[in-house]
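Next come two complexes built around subunit A: one with subunit B, the other with subunit C.
== the complex of A and B ==
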């Protein structure tokens, strides 16, 4: 079969108005254009072509069900949109259609202080959720860079990663169960087994994971029950400077293997990242030129545990030749971890300051392969920058990537500045070529394209079947089974292949 | 590029009927071009980030949860206008969804850490004013704002009060006209919240500060400017400055943050340094208390939380002086909420929101009152008569806590006003809601 779509028509708009009322149906040009993009690099040269035809802001599960059924009946694509703060482009419509903007579904439904769960409509922001949880002495520890703005439903859609994951786990570890509206409009509860508050079960398949990180292709989460933790009594961040990347890289291993249960995360900055931060000495406390790499560590937990962790981490810093950058820098820099390291105002095109947006590559790579990936990514980025004035290299970070431990594979990030105002089709092609080359390096290193954002962007999605092998074929079968009309976020993850003749 | 085409059936979602247009496309295009030239670069500064950290603190977004109603949304629309994809007829309506509180400017990731190093500070308040002014220039305006501004020109105050009675609130206080220090009494305070200017006058007299009234006070003009009526604003501003100069004024004391910000931010843009010091009364009172010139000795046994007026806290960094005044009142149980936490709060009374979108403005106020409720305070105090009037109405409708201006509390504690009737009212409310 081949799926064909209909444009949004008068009948569809009339029904959407019936479902949500005129105030929650958006047809204005500006309302559609703003919902064409997310923070991921965007082809502004064809902005008009990328806009959805209509957006709708439901408030209840019933409204979501009605919208999904309408889309199925009329064969109109629907694109779930949560916070739209993702660095992958899952919430970007590829085929126009109806954007289902879920931000109004943000109610806290139950705070259970006995079994330590919170049940929510999932389009609440984590900072706001934690404001509600604070009086109960508990918190929900999901802590991405977008913590002050992103919302839980988007974190579910991307299967997000947390800066504190080595201590508290990531999104897939802390979403206990969910209510999901499937692409056909059926509503299903997914979790660990059947109980909404059960964290571990061996009954049946592990279907919850299927709905964490699907990039809006398999359903819309309309309710979620989340894990709660005691609020940390203490936190201890420390930043250590090293005279070379190699020294910082070597130091990372003993920090990650420090045997500290309170270790929340370890971050390595390479020399290009340090140079980037030095571009604007009001943005970063100046450090001597000899400092070429930084390792940042943080411990969270009870006061006694964190005090002991502090002593051990300081000793590892000293033993590995690190220079402690002081309490002020460590505390302030850690406190500003959500919004410090990327500002479009630092962008440089041929040494000229211009507004640049931010591409954040986020591969998962094992420790042994980090130097190889770093060398290759910088070579590729610098080659493109030499040819194109619209790109800039903002350096690299390496983060602990695994739940409840510091070792194993790492989230490897290179930040590429892109001067979007100057994009044309030729430079956009150059961008996707650059992206494809660095993605290929991740696979050459035996890694995964994306540790946290997802891999649906042009320039990487082409390589997803190569990474996943037989798992990709299984994805196609699951997609066609759950979404027979390819209504939900069509065009993502090459899933259209599931509907080509002879498939499915 | 040209404006993106409408979707079939888009007429089923009607535009806000409050938005009027004379349909002069040439004027609209000229206004759009001018806007885009002035703000395109800053719009791309915002668009390039797209982090949207400005969003959750925005009091209007908290109500609508519509990403168009944020600083990012407003900048994205300017970028779309600069590409010709959206015209002013489309865009104008969206820019009513702003109280001009300034929270987004404080929370902008582009400047939060780099400051204004790149001379590219996010200026959302100026952008909103500019779009609204461009609309008016092109014959696109809101009926509610148009009528309000016409009335304000007729009456020279925002309350449609008899212009001859602009100083009626001061009856019996024997305040002189003119002098070195002028008390500028806000329109709301002059005609409705009259207890506030009376309390301020009594406090200043008690502390030995001589203040006089203007010969003929007109509206400060700030609200007209906020709604895009630049000519009306300038007419008011020129009149008031002339009146101050004739009076020999060296300093102006304001009791409302909207007047204050107009005099310290907008008048200098129009007149340059006009040589008159402008103070907000909370700063002056805190200074007089510290110097021992004003003694607050009578206990006021109520629990109070304080609402930071946006134009003091977020836009001018004035948050310490009102707290000093409250802490100086004996017997008062002050349950503070940090001023940074209050970046995400607003009364909803500013920027023409209650006129254009009364339901949204009410919900903003309701959110503020709900945030105060868990503190268990008897009373919500503030230092802005517009915020207080708006919050008071919503609180009364919802059975929430009474609202009071801190100058009234201070005057009661200074023995200048009898607190008993008010304390009895607070006690009645406490009993009714306990």
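== the complex of A and C ==
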């Protein structure tokens, strides 16, 4: 079969108004264009082409069901949109249609301090959720770089990475169960077995993971039950400087093998990242020029546990030749994990300071392959920078997963400054070629294209079948089974292949 | 829609935005007062966000933390 879509006509808008009311159906150019935006760079000249035809803001599961059934009946594409802070294209329509902007579904439904769960409408921001939880002495520890602005349902859609994941797990670990509206409008509870608050079950298939990281292609989460933890009594961040990348790289292992259960993360910044921060971040606290890499660590937990971890971490820093960078830098730079890249907003083009935004390309890589990936990614980035004045290299960092277990793989990122005002079709093509080359390096290193953001964008998505192999074929079959008319976020992850003639 | 847009604002298909020509001026002018305000506000914001994560931030023991001058 080949899927064809219908435009959103007056009758469809009228039905949406019947479902949500006039105030929550948006047809203005501004309201539609703003819902085509994501933080990842894209050519502005194509902006209007990727706007939805209408946006709706439901408040209940019943309204979402009615919207989805309408779209499925009329063959109109439908795109779930949460905070739209993700670094892939999940929240951006590829085929017009209806954007379901879920941000009004942000109610806290139950705080259970006996079984330690919170049940929510998932379009609530984590910071706001934790403000509600704080009086109960508990918190939900998902901590993306976008923590102050992103929302839980977007985190479900991307299956994202938490900066405190080594201590508290990632989204996949802390979403216990969900209520999901499928592309046909059916409502299904997914979790560990059937119980909404059960953390581990051996009954049936484990379907929860299917709905974590699907980039809005399989349904819309309308409720979620989340894990709660005791609010930390204390944290301890420490930054150590090293005189070479190799010294910092070697120091990662003793930190990761410290056997500290409170260790939330170990992060290595390479020499290019340190140079960039010195050069273009006026708010960065200067440190000695001799330092060429930085290892940052942080611990969370009870005061006694964190105090003991602090002493061991300081000793490891000293034993590995690290130079402690001081209390002020450690505390503030750790805190700035949420805004580091929002601050400078300028980079260099041919050594001139120009206004730039940025994009970080990520991968999941094992420790042994980090030097290879670092060398190759910088070679590729520098080659494109030499040819195109719109790019700048803002360095790399390496963020361990499951640090205290000692064997965790690494979130690896390279930050590329992009002079978006000068981004034309030729440099856009160069950007996707750059992405494709560094993505291939990740696969050559035995890694995964993305540890955190997803892999839906041009320049990387083409390589998803190569990474997943037979799993990709299974993805196609699942997509067609759950979304027979391909209405749910069509055009993402190459899933249109599931509907090509002779397939499925 | 206003009869006259403020200087530096353009109408892009009914969507108001900063004139892209202004965005290509670099470096942009900022007074010392503005720079100080931006840095002060950023630090205030960082401390505010960080208070969401734990009741206290432990300092290193004095003997472990000679700092940049003594390191």
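Here is the rule we use: the second predicted complex is superposed on the first by the 493 of 504 C-alpha atoms of A that agree within 3 Å, B and C clash if a C-alpha of one lies under 4 Å from a C-alpha of the other, contacts with A are read in each partner's own complex, and residues count from 1 in each chain.
In this section, a contact is a pair of C-beta atoms (placed from the backbone, for glycine too) under 8 Å apart; a residue touches a chain by one contact, two chains touch by 3 or more.
No experiment lies behind these values; they were computed from the predicted model shown.
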| item | value |
| --- | --- |
| Superposed partners subunit B and subunit C on subunit A - clash or fit | clash |
| Which superposed partner A:331 touches (first subunit B, second subunit C, both, neither) | second |
| First, second, both or neither for A:234, with subunit B first and subunit C second | second |
| First (subunit B), second (subunit C), both or neither touched by A:14 | first |
| Partner chain(s) touched by A:148 [first = subunit B, second = subunit C, both, neither] | both |
| Touched partner set for A:353, first subunit B, second subunit C, both or neither | both |
| Touched partner set for A:127, first subunit B, second subunit C, both or neither | both |
| Subunit B versus subunit C as contact partner of A:314, first or second or both or neither | second |
| Contacts of A:33 with subunit B and subunit C, given as first, second, both or neither | both |
| First (subunit B), second (subunit C), both or neither touched by A:394 | neither |
| Superposed model, subunit B segment overlapping subunit C, candidates 4-12, 112-120 or 418-426 | 112-120 |
| Shared subunit A contacts, counted only where both subunit B and subunit C touch the same residue | 28-30, 33, 48, 127, 148, 282-283, 336, 338-339, 343, 346, 353, 355, 421 |
| For the subunit C and subunit A complex, residues of the former touching the latter | 13-15, 20, 23-24, 26-28, 35, 39, 42-43, 45-47, 49-50, 52-61, 64-68, 71 |
| Of all residues in subunit A, those that touch subunit B in their complex | 7-14, 17, 22, 25-35, 37-39, 44, 47-48, 51, 53-54, 57, 83-85, 101, 103-104, 106, 123, 125, 127-128, 135, 146, 148-149, 280, 282-283, 336, 338-340, 342-347, 353, 355-358, 420-421 |
| Interfacial residue positions of subunit B with respect to subunit A in the complex | 1, 3-4, 6-10, 12-14, 41, 44-45, 47-53, 55-56, 65-68, 72-73, 76-77, 80, 83, 85-86, 90-91, 93-94, 107, 109-115, 117-118, 120, 374 |
| Subunit C partner contacts - residues on subunit A that touch it in the complex | 28-30, 33, 48, 127, 130-131, 134, 143, 147-148, 231-238, 282-283, 287-288, 300, 303, 306-307, 310-311, 314-315, 318, 323-327, 331-332, 334-336, 338-339, 343, 346, 352-355, 421 |
